[in-house]
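This report concerns only the one structure given below.
Letters are used for the chains, namely A, B and C, taken in the order the chains are written, and counting of residues starts over at 1 for each.
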Amino acid sequence: MNALKAIIARDLRLAFRAGGGAPQAVAFFAIIAVLFALAVGPDLSLISKIAAPLIWTGALLATQISLDQIYRADREDGSLDVIIGTSDELILTAAAKAIAHWLSTGLPLIIATPVLAVLLNLEREAIVPLLLSLAIGTPALSLIGSFAAALAVALPRASLLISIIVGPLYIPVLIFGAGAAAAGASGDPQYGANLSLLGAATLFAAAFAPIASAAALRSNQD
Amino acid sequence: MPNLYELANPERFERWARPAIPWLSGATIALLLAGLYYALFNSPADYQQGESVRIMYVHVPAAWMALFCYSTIAISSAVGFIWKHPLADVAAKEAAPIGAAFTFLALFTGSIWGKPMWGAWWAWDARLTSVLILFFLYLGYMAIWRTFDDKARAARLAAILAMVGFVNIPVIKFSVDWWNSLHQPASVFRDGGPSIHASMLPPLFLMAGAYMFFFAAALLQSMRNELMARRIARLEGGEKKTAATLVEQ
Amino acid sequence: MIARRWSARFCAKGLAVSRGGARIVSDISLDIGPGDAVILTGPNGSGKTTLLRALAGLLRPDAGETSLVAGDDEHGEDGRGGVIYCGPQNAAKAALTVDENLRFWAALYGAPGARIKQARTAFRLDPYADRLAGALSTGLFRRLGLSRLIIAEKPVWLVDEPTASLDAGSIEIFLGHIADHRARGGAAVIATHDALEIDGARRLRLSQSASS
């Protein structure tokens, strides 16, 4: 337990310290939103209509670009050997790495979302459903993503491969997440069902991704 | 009757696979000719879709094969991962491009079929969208094999990904159906597809049979090629270096 | 602080290890007893790192097995977790301070907090406790990497190229810890290209066998 806590604390410290990836992921998230708004043009009603799906896609992409670092930096400097060598249960260690990734990427994205929502003219009553769907869904993005990162840990330039692998696996999370955000904003009775399905997708990822990550890490030892 | 494990030994595999391939190819051609005859000449045009319904005899079995090939990959992967059987890894690897080709065929013909229905080449129909995502799963799987030089490692990682993908297919399928029901209630491809007349079944099953035999023949041939390539690589690599051992000084 | 004592016996029998589909080392048998040190040599690419990683359990061998009797209370019959591998990389984060790195290792190895200071002092890193590891010189950074030997306090040390970037004084410090470790009944294998003077050490060389 101490070891897992130490891994999470260390990863967070590294993510937020100079050179860490956490602020960059948030900045990337904001840039996606701005670029998209500029591409669409200053049509406020159109922008506000696509704001929630856009923020969901932006959160997904911002998560995706930060996945590469979850294991690769540890492998390059040798600390992955120490982590795997001292791990009693690699599945729990993999879960701890995914939790650390969510705390350093998913959570900051959620915190930044209200600002982006204002920027994109999202309706007031749409903000809470959007935040709720992100809170339930983004952990699945970190979990699934950490699996892809574990698969590609031995590759020097893996972000493209990771993106190809996680893309299809992210689809249910995106559908239920963006669906919940939309249904919640419009008072659609499907809101609750969408949120439940999103929660189920996250639980599913929580159950399987650490097992698959541990298997991938073991297969990548050399 | 030799047991399965003996059949899976690479030398034995070569001994039964080579003579099997011409038979499988012959069956493919025979079924394909019969299927195309029924599909093109000996089946009614649809009262709604007209002659374009005939594309379905190419499209629907291709979509079946897309899923069947991925299942083959996942099962072979599990066998290769758990029992470390190299032939299972080779089967999984070589099934992927064939499955991806069937998936692409299903997408391509689905798009052609949809054009007169929807007035667009692509209308985000739930089934076609699921097939498209399956195509991406194939691409990710093949990317793993392409990326890693070390075949043993590639086999293990690709197997993990194939199993993860397989477990996710029902989830993805459900989510896409859900998404579609929210956004686009009306679809040509309703549950169970467009109503199937009994006269459509012979060409459908003949085509599906032709695809199956083609898959078997192509898979065996690709596996033979891959095994041969590995044997050559092993012979070439074996001369370069011998393993080191400890010597007291 | 009471230093731990062991009576370590670490054995390998018929070990064969492959990487990338090619057999790198084979027929490796070793028997290292308490207080033993082995200096492992061999040209680049002969498989020293591969062998050490397999001995540490980080690589699965194709054949053969390793066994460890630690001879203490903490490690069970199978001696699991009784080996530390200290690779050519330092396993330290440049963006963390010396103490933060030490504390992280201590948490992973389950070491008591007091050992952090002990490890820091052992490798003369006290003046740099709050310095970012990335700001240390190469030699000091290597000393930080080696200090996890003290943190982990394992009966068997497998050390890969420990002295490559160390000056004479630092090598002296490291050899002192090897001697201390042996005196306490521990065992060590050191892979190196340098001519290290270690009393009573066995010298083993990895070389390509005639038969294959």
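Definition applied: a residue touches a chain if its C-beta (ideal position, glycine included) is under 8 Å from a C-beta of that chain, and two chains touch if they have at least 3 such contacts.
Predicted, not measured: the structure shown is a model, and the values here were computed from it.
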item	value
Chain contact graph, described as a line, ring, star, complete graph or other shape	complete
Longest centre-to-centre distance from subunit C, chain (CA-based)	B
Geometric centre: closest chain by C-alpha means	A
Centroid distance [mean C-alpha coordinates] between subunit B and subunit A, Å	31
Between subunit A and subunit C, centroid-to-centroid distance (C-alpha), Å	37
Inter-chain centre distance, subunit B versus subunit C - centres from mean C-alpha coordinates, in Å	49
Numbers and ranges of subunit A residues touching at least 2 other chains	222
Residues of subunit B touching at least two other chains	150, 153
Residue numbers of subunit C (touch at least two other chains)	19-20
Subunit B to subunit C touching residues, read off their complex	149-153, 237, 241-249
Complex contacts: residues of subunit B adjacent to subunit A	133-134, 136-137, 139-140, 143-144, 147-148, 150, 153, 156-157, 160-161, 163-165, 167-168, 171-172, 174-176, 178-179, 182
Interface residues, subunit C side, partner subunit B - complex	16, 18-30, 41-42, 46-47, 202-209, 212
For the subunit A and subunit C complex, residues of the former touching the latter	2-3, 5-7, 10, 13-14, 17-20, 76-79, 81-86, 221-222
Subunit B partner contacts - residues on subunit A that touch it in the complex	147, 151-152, 154-155, 161, 164-165, 167-169, 171-172, 175-176, 179, 183, 190, 197, 201, 204, 208, 212, 215-216, 219-220, 222
